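Please find the structures below.
Presented sequentially are two complexes of chain A, the first with chain B as partner and the second with chain C.
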Partner chain A sequence: MRNLFSIGRHPVWLTVPSLLLLLVALGYPLAQVVLRSFTDPAIGLDNYVWFFSRPVNLTVFWRTFEVAGWVTILCLVLGYPYAWMMTAVGPRMRLLLILCVLVPFWVSGVVRTLAWVILLQDSGVINRGLVALGFEKVRLIRTPLGVIIGMTQVLLPFMIMPLYAVMRSIDLRLVQAARSLGARPTLAFVQIYLPLSLPGVFGGAIIVFILGLGFYITPALLGGPRATMLSTLAQQQVLQQLNWGRGGAMGVILLVSTLVLLAVAARFTRRRYQITGGSK
Partner chain B sequence: MADTQRGAAVDIRSVTKTYGDFTALDDISLRIEAGQFMTFLGPSGSGKTTTLNVIAGFTELTAGEILIGERSVGNLPAHKRNVGVVFQHYALFPHMTVAGNIAYPLKLRRVPKPERARRVAEVLEMVHLTDFSHRYPAELSGGQQQRVALARALVFDPPLLLMDEPLGALDKKLREWLQLEIKRIHRELGTTFVYVTHDQEEALALSDRIAVFNKGRIEQVGSGHDLYERPETLFVGRFIGESTVLSGPHEVRGDETAMQIGDEWVVCPGLPLGDGRQALLVRPEKITLRRTGSDLRPGENRLTGRVSEAIYLGSGVKYEVTLADGTRGVARMTLTEDRLALGDGVDVCWMQQDARLLADDGSSLGEQSGDHG
Partner chain C sequence: MNRLQRTLISLFCACVALWLVAPTLVIVPISFAEKKSLAFPPDGFSLQWYANLIQSPDWSGSILNSLKIAVIVSVVATVIGTLAAMGITRMKAGSGGVVRAILITPMIVPGVVLAIGIYAVYLDHQLVGTLTGYVLAHSMLAIPFVIIAVGANLAVFDARLETAAASLGASRLVTFFTVTLPLIGPGILSGLLFAFVTSFDEVIVALFINSPRMKTLPVQIYSSMTRDSDPTVAAVGSLMFALTTLTIAAALWIGTRRRRS
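On to the complex of A and B.
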């Protein structure tokens, strides 16, 4: 309670509009979704029993996590060196690198995904290139691989930005210090730089993974029936079958699994130390 | 470890480092004897830290050669040089405890665990931090962190320890105490210490020898006493200690040089160095202030001025004097002498052989960022 009172000295009312908006636009519908998943069409666990008893649903459920997992790994592999480069180059080059990350952000997700359709489709640029080089065509569109490629591109900035924010605060003299103490460059990286960048890795991975779980547009446009994800399935239930209960149950399942993952991740990121090293 | 430890000599031979058009080090040569406490002193940007980085292997040379313990280290990467480095901002690993930080170089050298624990305990005792081994760096004060950094840089018995302004971020009292600690540790270990600072008082307090850096060159190398009493360049004279610097047209009279200050003349034994403008440097304790109209004593120089500031120092009084030609002079006097007040007219006197005639290299106090506090 003391904390609540001490808040009183700050202009708390400034947060009222956004809190109201969240309450009305997020809290109310969310409560409705949860409520309906237990009551629509009848009170009980019918919707959940239905979800877990249909193998198709479980396949889609696992696929959703698998795709989100792969996207997270790919974003990390691509984003880590990129974010590191951003800390290593001069200010002008850094601006260019930041722009390269942000410009795609300013283009609508739908447009970007349609661009991937053009690139990935069977008669698309990539496949024509492969054929021209004497390779066989690869099926990309309407496969989980196509979805993963498209989602990785869309979600990459969400990985790079937290990584960059953390890496920027790492004192590079720590690496120099490790070198002077006898660590070869790779050891200095693995034992000093990498552990200190982990908060960025966790931060970026959690954001990308969670966004990936609930991703809708890209899987809907790039995936086919064989690459359906949970969000698409929920959308079909609600908008095509008008089955709010089943759609809601899927939403709740996704939400609960996300929260569990967050709780697990939080255990790993607890630290006793600051990452910047020393007092400056 | 004290009995087996021997310092390594460092030989810096014609080292040059350029960054594009900028010459950070301009053909520097310097020998540091084994076990010596050498300080690199100079304003920021003078090349002292670059020289340290070159010795540590963090910065590649453009030209020249460096030998540590008679062995050329030109192609040796930093991690193979076996040189301890202490950084200004400590550079402790924040994700390791104090003990973890100090054990790190031993782990890299595959020292067995019991031996490791013994040596960590030993250096922790040396820096008086035995009770802090399980703390994280963020839980320590600045002075404690710096002592951990020192312990970490010494635990693997390097023959050479480099310190880059290690006390720069600490307050004066703590700095003075740690100076004594560093001196004691140097004495106990016999390791060669190279210490970078822009603080001339710190350099004088610590060092066996001081190399004064300016604009990528070494101006002079010598003991603190040498540099204070016999500066070879005006820059050195101005950077080390306080001084009154006089400048004016000069002429050679026999084996003396006379210089015109305003409409008065002063004499200095010796001949000018080079053909250019000359400057005369007088230390504050060599100057005697007497009330205007005093008798000129044999062998003395005298200029007239006015007291513009009197600063009580406890052990004495420091007077600032404005000379007739506008030059600012500094004199330090004991309390037993006649106390002067602001605005008093004075004769500024010194013995002819107590001043030093130097080539005027155009250096001014303004460009020296030395922290004299």
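On to the complex of A and C.
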């Protein structure tokens, strides 16, 4: 028992079980991916040369960024007014708005994608509605547009929650002060409210973009050959072609893109805080 | 802001709320369809797809597997994650921050990269399709959520209460169970819930490491969707949707009541 008590005096020991688990289930597997991308089937950069020399791969690579980018922009456009509304209504209404964000957040992504497959299929509700209104059918399923629609809905809660967390702490008297000094509503918003809400915008955008880059289920089920994204391509290389080297190289490229993005974002937000003098 | 602008924004937000919740609801009528089709709106009414969930060994087996794995994962991840969160708050700010950043990495590594690596390791060590394999991978994925939930609670926890208990003669274990645990209980509970859901919904790693003998529910849903138009997926989806909504509504309701009293 004495040993058990002395653990408390060296707090680092408390983190050892978690760190060990991460080493076994995260560190070792990641090392395998990197190793195989350089050694399977032969030692060298063959897999990376292959990836960047095939136009098909580059198309998928850019499409992944394009789709993640569009999803981020759409989430921001839909989420910003929504998050603001959550701060501006009474407690009952707020509870309802929170429920509408939390329910999709907790319902499994597979189930929500299933709903989109049903809605977007060629003979689905949306297309029959369009035909009834006299428009032509639109191909939605197995296109990048369909993937963007589905992903935006699945990822929207990840944008709204950080936005709401930041907006909730904005002191509205600052906006009132600007108004009383003669600023028009638009100017007061652009000069006061928007800059104060930017940390939430950056936080939400980074989370959505990074999750979007690595998204698997929605693109795999809603997309087809014309809407393949990097994750699906890497999965196919490993499970269908049994080509560990090429699949690993794609994984490493995806991972490095994510890390570069995070590093840039961290730098960017830090500089912003320096300019504003760390706000509080 | 004038009245018209406010009405327009309210309308816009109502549409967003609808867009968040309504699409998922189409699966509910389909789960009662009479024919084996995912067309909406469905014809007729039957409970056969709900019955299929219980009768078909593929479905009932995968539901039991997922529950079993998620229960074990939530206990494992909550226990070692809570320990880690307590360790981090007691360490110096610098080294604590580094350890915390390391333990959060499962959240930022793209799922498919992890899945490829874990599959490679599991093939070498005969862990594919085993309970141990699922629990290891899912616990690792759940740890960041536990650390964030418990850490947030520890940040507002007054450490002097522990000192007070100790000065009154309580041993470390007694202090932990009578002072610390009740105060950080809400954080541990939400960490437990996050860990359970993380494991229960996890699909990409499971897609790689499943075997015909041991499949989880999300893998079964995924393969059913890619194979044919079986409304059983809608039945299981509707059940999950109903359970989730009830749980959250209950949590929010209890939360507001407690704040009032």
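Assume the second predicted complex is superposed on the first by the 256 of 280 C-alpha atoms of A that agree within 3 Å, B and C clash if a C-alpha of one lies under 4 Å from a C-alpha of the other, contacts with A are read in each partner's own complex, and residues count from 1 in each chain.
One rule holds in what follows: a contact is a pair of C-beta atoms (placed from the backbone, for glycine too) under 8 Å apart; a residue touches a chain by one contact, two chains touch by 3 or more.
What you see is a predicted model, and the numbers here were worked out from it, not measured in a lab.
In the superposed pair of complexes, A:L222 makes contact with neither chain B nor chain C.
Of the two partner chains, chain C is the only one that A:L239 touches; chain B does not reach it.
Residue contacts after overlaying the shared chain place A:I141 against neither chain B nor chain C. In the superposition on chain A, contact of A:V67 is made with neither chain B nor chain C. For chain A, the partner touching the most residues, choosing from chain B and chain C, is C.
Within the superposed three-chain model, A:Y82 lies in touch with chain C and out of touch with chain B [touch as defined at top]. In the superposition on chain A, contact of A:V111 is made with chain C only, not with chain B.
When both complexes are overlaid on chain A, the residue A:A249 reaches neither chain B nor chain C. Applying the stated touch rule to the two superposed structures, the overlap between the chain B and chain C interfaces on chain A comprises residues 185. The touching residues of chain B, when paired with chain A in their complex, are 56-58, 77-85, 87, 89-95, 104-105, 108-109, 136-138, 142, 145, 152-153, 156, 169.
Contacts from chain A toward chain C in the complex involve residues 4-5, 8, 11-15, 17-19, 21-22, 24-26, 28-33, 36, 78-79, 81-82, 84-85, 91, 95-104, 106-112, 114-119, 121, 123-125, 153, 156-157, 185, 210, 213-214, 216-217, 221, 230-231, 234-235, 238-239, 244, 247-248, 251-252, 254-255, 258-259, 262.
Within the complex, the chain A residues that touch chain B are 171, 173-174, 176-185, 187-188, 191-192, 195-196, 271-280. By the touch criterion given at the top, residues 1, 9-10, 12-13, 16-17, 19-21, 23-27, 30, 38-40, 80-81, 83-84, 86-91, 95, 99, 102-103, 105-106, 108-121, 136-137, 139-140, 143, 147, 171-173, 197, 200-201, 203-204, 207-208, 218, 221-222, 225-226, 233-234, 236-237, 240-241, 244-245, 247-249, 252, 256 of chain C touch chain A in their complex.
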